[in-house]
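The next part holds the structures, each set out as structure tokens.
Heads up, the next two complexes both have chain A, just with different partners, chain B and then chain C.
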Partner chain A sequence: MEITIIRKQENIIHFLAEGLDVAFANALRRTMLTRLPAMAIDEVLVLENTSVMYDEMLAHRMGLIPLVTDLESYNLPEECDCEGKGCSLCQCTLTLEKQAGDEEEMVYSRDLSSQDPKIVPALGEIPLVKLAPKQRLIFEAYARLGKGVENAKFQPVSTVSYKYVPIIEVNKDKCNQCGDCVKVCPKNILLVEGDTIATQNTLDCSLCEACVEVCEPGAITIDSKKNSFLFKVESTGALTPEVIVEKSAEIFKERIRLALDYANSI
Partner chain B sequence: MIIPVRCFTCGKVVADKYDQFKREIRQGEDPATVLDNLGLNRYCCRRMLLAHIDIIDSFMAFATIPQTEGT
Partner chain C sequence: MKPRTVENTKFELKFEIGGEGHSFPNLLRRTLLEESSVEFAGYNIPHPLLASPIVTLRTKRRQSNVVLREALEKMLARTEEFRKKFKQAVSDHSVD
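Let's turn to the complex of A and B:
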């Protein structure tokens, strides 16, 4: 398998993977979604909550905050020496204490203070609840590592998608330069250039085939490359996209090894 | 009640973008451009902000103010 990085933004990575089939590509995608651990708040101890929001709803909102995860210094609770009871190696405590003054006040995720300076909300601007004057909120939250199979809040990615690599071909002999395909393409891939139809940003093509349908002489063909996939990995901020791809590949390899061992033992 | 933290469908965090969205819409910007600039490209995430109605302020009108000592 060969990987070429096409575009990288802060939390999103686009890459081209070659030499793999659909089953493999999808297994990699699902590993990123469900098998890669990330931190999330799992238990909340509400000491005081006089806000208009129920404790349960507040706890639910806390759980959804992506936390910057340090995979090296934390264990999965089920693999920890404490046998899942919760210790400093598998749990991190975050606290929040806030009282509104004479004005109403919004509580944001950045108001959470963490016991471990590395485990902090990845996004500080998430509104949690609005407090009316004098209302008070005190709670303790316990974050731990978990996997997407257990609960989607542990997913380090918001979306992982892949698509086929498009190949757009215009047959010059058949084309009559009517320009219909240029108008109909939702991604602005096609353009008139001199007396032919040229293509640009072909990787953005969604393979919708609208251009094929509208082309009366049948000059356009849309095809996809065999065994190549364009991946898009969008992180929630818990882990960087590079780490997500790297770690998932490791986990995936290990799972394949386990499956092979099992198959060989029968 | 209050803007959901994440998109129901894909799980992208949308709550932190709501304040800016509301502000720019109030200034008369086109919602489509604002959403594009916020990086909400999928329609699942876009509807989260577009279809949201904040009602926490109405709830707060009935808020009970906690008794503090000495009052």
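Let's turn to the complex of A and C:
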């Protein structure tokens, strides 16, 4: 197994994993999506809402705000000592109080003030509701850890995908440098170079095969490498992408260990 | 992950894994099939809402529970390898 990081940004990581099975790649992807806990608002106590938006709509919008998650200091409610009733170890309170002045005003996710300085909205500029003059909003929201299997708002990732590693081959003898493939390629991978077609940034290829279709002489072949995958993990901001990948590997290991305990017991 | 035996004989093992989806049993099936003594390995999810796949394993020559144990150990080793290599790759990347 060989892993190379291709690109790393604040919220996105692209990496190449070679020498692994599709089943493994998929198990990992699914684990990142559904088994990795993240914080989200789960209960909202509305004290006052004179805005045009219904309480439940507002609560739903609040639930979808990604919160920066601290996996070390919070427990999953079902694993907490309080048995899921909600204590400071498994719950975080966020409050919002806002009244529009003489002009209409937008309420953003940054207006939420958290009891724990670490649990804050990952993005501050998410609009929640627009208040007309003098309208008021007061509420208390309770965030907790949850998993993606339960509700998609608990997913720490917005996209996690993998694709096969593309192999683009141009047959020099058949190519007549018409340049049709260059024009049709949505990822700008092909370019005319001298008497043939050259390739650049081949890892960006989406394997759409538009070039193969347009190529009259059939000079281009697109193939994919077996057992090599290009992963793209995009975080919602709840956790950093590196942590997401590492933690999900750990979670998956834990599940295998549980199965192993069972296998040893029979 | 709540495994429960449905059927257990020397060469055949059938067990239910409560609270799992496709990720785990699919990988288990693929890993089991790598072993030559496995005659049949598969899983079935009776109902998509129940989330309890039933894994069936049939072996020849070797005891089914031993084969299962080996496959799980292989999976564990691979996941650990992935985790380590990923961690290494991340720290290597931030250096340059």
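Convention: the second predicted complex is superposed on the first by the 260 of 266 C-alpha atoms of A that agree within 3 Å, B and C clash if a C-alpha of one lies under 4 Å from a C-alpha of the other, contacts with A are read in each partner's own complex, and residues count from 1 in each chain.
In this section, a contact is a pair of C-beta atoms (placed from the backbone, for glycine too) under 8 Å apart; a residue touches a chain by one contact, two chains touch by 3 or more.
All of these numbers come straight from a predicted model, not from anything done at the bench.
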Touching partner for A:237 - first (chain B), second (chain C), both, neither: first
Touched partner set for A:87, first chain B, second chain C, both or neither: neither
Which superposed partner A:158 touches (first chain B, second chain C, both, neither): first
First, second, both or neither for A:5, with chain B first and chain C second: second
First, second, both or neither for A:125, with chain B first and chain C second: first
Which of chain B and chain C A:260 touches, first, second, both or neither: second
Chain A residues within the chain C interface of the complex: 1-5, 8, 15, 17, 20-21, 23-24, 26-28, 30-31, 34, 149, 242, 245-246, 249-250, 252-253, 255-260, 262-264, 266
Of chain A, residues touching chain B in the complex: 50-53, 57, 61, 64-66, 104, 109, 123-127, 129-130, 132-136, 152, 155, 157-159, 234, 236-237
Touching residues on chain C, where the partner in the complex is chain A: 1, 3, 5, 8, 13, 15, 17, 20-24, 26-31, 65, 68-69, 72-73, 75-76, 78-83, 85-90, 92-94
Chain B residues touching chain A - in the complex, by the definition given at the top: 1-3, 5-7, 10-13, 15-16, 18-19, 42, 56-57, 59-60, 62-66, 68
